[in-house]
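Both of the next two complexes hold chain A, though its partner changes from chain B to chain C.
Our next item is the complex of A and B:
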């Protein structure tokens, strides 16, 4: 009868026997040569990495990068500060302050309200894209780059200065 | 009770209601627009259709509007019937054809009844491909924004504004697809209850303009159950905050106090909380380096210990704060920071209510009064919400009679209103000058306060001969007193209203006599006496000395240090007196919220929390104790006055407050040591109250941006503040169901994002909240069966040459200290002028706008006058408390300077 502690419940247990090494194994040289052969073989193979940031990979069409706040074809801000992106954000990383468009500002803002302040905490953002999905005004897209690294946490609070699409001249 | 079959399941419902109310009360989600629990049914929107079946065999049934059909026993209806569902979907699609898809920029979005109902009926895709009709919007003044394109023509706005609140400048115009709800031209909506349109309108046609200045969605604000501090009515409100700024006030249903509605002072008068004039920092004269709590407490305590100290309480500070001050300075050194006349009036009021035989009315009791007598009160300016209730009261009597005669239920609003026409229950208003309630009155008289009291006593005498007879009445007065007495005696539930408005004790006493006389003759009478400020009643109940004695004490060197609690003494006594008082006091320590004249003179300024930053208890004019809760924790040293005073006492080595730490401790201590406040510990759940081990969340579960909204200050999130004073939490963590009624931070139910979700919080629709309407009445009349009548024999009002009897006048917009910090309210303030009878002005050779020079209490004044033909001779009114009007302890005789004729 087998010992109780040796009975495997899954039936997949393999009992390993520790055999003493023979002479060839003890001098290690064959194993070293074998290993070096693999290393040298890779010198002639295609590289798995690229030279980032000089070289860049092509993003998938679904890639979600840094957000950008969009303008319409006349260069007016599309965002109306309705708050749905913030509402849908699972990381609670978006906040905004709404303001009313004043007469004479029609060339700046598409609708009668706009976001005077729009901030995303990129440290909190998980790039899920829910904000993009929720936006009824096609004003926010995660079509930017990978969020850049920084040493100061303050620089991860992205305001309109970083998010808003530049005006095309 | 009747049995109602809804989709073949039997339910027990109340008879006399309509099907819509019954369905909603049972918890069914049935869409509606034009029906409102306070305003009844008109069947205008066709949205609440259900299928009604004749009997069990009837399988076809017919569509009926549930709001127009009364509940009948054994009636069978179906909400789920395919035809009814289809009909409702058709109606909403129809209503939506012209509705702009502008929810993203609409202020109503997220708290919109139209959004909720559209989702509820399942109208998702628009099939209408044509141009929408558009309107021009109007500028409706500082309170409301107008966006007619969003209108779905439910007629609720004019049903509230015109029919319910008696407004005259909003109407439905045009026809067919072009009906327009607005004024005949741009201009300020005049009615004092216009702000309720923002809640009554099911969509975004009328929205709160003050919210627009700092717009935030309902789901993004932190809400708290609060109390309006604008007058002594004690209306329940919801105060909402984001980014450390108070952003909106909305009404919080309390069936006993304010129902669904509040006045515009309450709704728009909150902006002082965010004002530039707020006291936010600690200030010690000559020591600008003192900026933190500890060093301030040390400095202030050193000054308090230096010599004798006296404390001046405030009718606008909470019960807890006044109590803490009284404990700190000792009972003998506690003075009421109110004008001496006001002190007497409020104390008299309290005595009448406590020792008399008649109780004060709740809101439903006012609305069900069948004969009303108002003595000397300009109600729209002293207790605004009461006028709205009186409007319903005068319609109710004739409405009930007609309803019984025509066999039409009372909630059939259009039919009943049409039948009533101009018929009114008797309301007699005897005031010193023309007032708003005149339009409700069957008879208005304008008399001087002396004469008002004489008429009051005469009415009481006519009811009960035990009241002293009034001599020398004119024939007209005699006729009217006899008539009014007869009408009051015919009524079953008469209501007598008086108060501080006329500034006369005799008027209040005469009102009490009338009420007591009616009570003695077996009537179910109520007596309502207004008091000036949100906690005037609480302060009077607490007891203390009058301000005059505080001034004396300092003048005679009996006090070195003065602690002033939330008070501007320049609004309580004449300037010269206050100047002297503040100069003679060695140290003046002021705890307040907003900078004012007294703050200029104070040596130590301590920033106190407003109702948005503090918890506390207030006693309304009705004698109802209610609790208000902090909305947010402000940055900086601002905290509740009672907490400051407790810390101050501790720093002074005064041990009387050291066992009190949180609000509950204070409340329990007050209830224990002051028998008159017994019961205030039960008005709201204690701070350790939990539902399922959870606090009640102040923020909706959809609150957004918590990791971002303070990131510009500090990237790593700060620990959210904890609230040890209340069962509410400052974040979205906590219980989101229906909490006890006293701590409802906001109204929301699944599928019901707008304020209409109140339905879900009520036992039955339109009825009290679950577990009862909040608050507890502390003043009940004594059990004396035979009242001791006041025996006063005032002489008829004398008209004295070169003199004028000046009485205070109040204005809903303007004379209240804090609400004028709202630009909208300030813009509607009346002129700073004395109003006199035209005949008087003519006799002095003065015209509107001329300056009147006069002496009062040895001081010289110069003020503009305006004339009014309806004023009694020899009497004038002055809006006390208005900007630019010096304080005078009115009423009183002023001596006119002879006018130099050019």
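Our next item is the complex of A and C:
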């Protein structure tokens, strides 16, 4: 019967022999020279660096960046402050205060109800995109850039001033 | 001693000191740049074009950092440590011949600050004293990691100084003098000592790595085991002094190796130039250039090795020092002796 340690069911078993190092290995020099040759080749290799602020890597088509609140084709805010985005948000980053549209404001808001205050805490947001999926009015999309860094926590709470899509005209 | 000699020496000392400080300063940048390139990156390139202002920015940063002396530390020794490291690193350049004589207005100016007839012993002593800065700094910090590092530094330097000395003895048997000036003169043209002492050079090179506490022998500041080594407790410019001393040591070690084994300021074809009627001053200046090219190549080599070879384990370091380096160094002496005896001089 074959000995257990010699059986290789996958056929890929390699038995390594632990030999004591010979003289050339013990003085380390050949392997050091080999290593130096490898690193020297890397001096002339193409650099993997992207010089960030000047050069930017392209985002993929389904990249999720900063949110933007959309307007419809007449420039009215689409959001109706239903709160589904806030409900779907796993990080509880979204808060809003709803308000009723007054007569004469039809050119500003598409629905009868709109978000008077709409805030996303970018420190909480995990950019999962659930708000985008939950929105029945197609009012929020994560189609912006990377959230920029700041030194103050307050500045990470993005209100409508930062989120709302600018008017085209 | 006449006043002109004094002025001449003061100027020479300031120039050499300035050059070694600037070289050390830019070695820090070169280190980061080369490290970057070896790892397919660019290294620092934001401060000035290609990052050439980076050392200045680093210096300003170190100077303006908060100075912390631990409460339990020995204040006097804590300050003495980095000062000593810096001092010992700087004085090594005094005996290195940077070039032949220059003729300025009828005066012959030797481009060696002091041609001591025991130049090699002087270098040897200064290098040995360099470890005191590390030891004192490590001891005064009152931190167990610093202390461990200081002990390592001491034992490592002692073990490698023996083979350093032994490899030098073989060289001395060939040259027959201890004066660095004479050793360089003997290597005129392309008659460099490396052709006679290849094994000795490799031993000397390895020991230089150990003496300057560079990879693969940087167990003294081994970050993975000792936090920061002997400078764990240091901050601000005192830390800067320690780091800077290391780079000056590299500069001095490179200069010593170029002098002893690679002909110092000698370059092939210097006699042909003299025969072609080029004035001695020009040959001297080219020689100084040759010397600096050699030094810079050695500095590059130091950096290159650092970013290639991983750190030895402590027992491997000791085994290599005592079981391999010393026997090889002794064998080198015996071989040199036999060859000298056979060739009859």
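Heads up, the rule we're going with is that the second predicted complex is superposed on the first by the 128 of 169 C-alpha atoms of A that agree within 3 Å, B and C clash if a C-alpha of one lies under 4 Å from a C-alpha of the other, contacts with A are read in each partner's own complex, and residues count from 1 in each chain.
The rule is short, and it goes like this: a residue touches a chain if its C-beta (ideal position, glycine included) is under 8 Å from a C-beta of that chain, and two chains touch if they have at least 3 such contacts.
Just so it is clear, the model here is predicted, and its values are computed rather than measured.
Visitor: If we overlay the two complexes on their shared chain A, which of chain B and chain C does A:87 touch? Say first, second, both or neither.
Guide: In the superposed model, A:87 contacts chain B only, not chain C.
Visitor: Of chain B and chain C, which one touches more of chain A's residues?
Guide: After superposing on chain A, more of chain A is contacted by B.
Visitor: According to the stated criteria, A:48 is in contact with first (chain B), second (chain C), both, or neither; which is it?
Guide: A:48 contacts chain C only, not chain B.
Visitor: Of the partners chain B and chain C, which touch A:21 in the superposed model: first, second, both, neither?
Guide: Neither partner.
Visitor: If we overlay the two complexes on their shared chain A, which of chain B and chain C does A:111 touch? Say first, second, both or neither.
Guide: A:111 sits against chain B, while chain C stays out of touch.
Visitor: Is A:154 touching anything from chain B or chain C once the two structures are fitted on A? First, second, both or neither.
Guide: Touch status of A:154: first partner only.
Visitor: For A:126 in the superposed arrangement: first (chain B), second (chain C), both or neither?
Guide: neither
Visitor: Under the stated touch criterion, which partner chain does A:36 make contact with: chain B (first), chain C (second), both, or neither?
Guide: second
Visitor: Please write out, lowest number first, the residues of chain A touched by both chain B and chain C across the two complexes.
Guide: Of chain A, no residue contacts chain B in one complex and chain C in the other.
Visitor: Could you please specify the touching residues of chain A with respect to chain C in the complex?
Guide: The contact residues of chain A facing chain C are 26-29, 32, 35-36, 38-40, 42-43, 45-49, 51.
Visitor: Across the complex, what residues on chain C touch chain A?
Guide: That would be residues 34, 37-42, 202, 304-305, 307-309, 320, 324, 328 of chain C.
Visitor: Touching residues of chain B toward chain A in the complex: what are they?
Guide: 102-105, 109-110, 212, 214-217, 219-220, 243, 702, 704-709, 711-712, 715-716
Visitor: Spell out the residues on chain A that touch chain B in their complex, using ranges where they run on.
Guide: Of all residues in chain A, those touching chain B are 80-84, 86-87, 89, 91-100, 111-113, 119-121, 123-124, 136-137, 153-154, 156-157.
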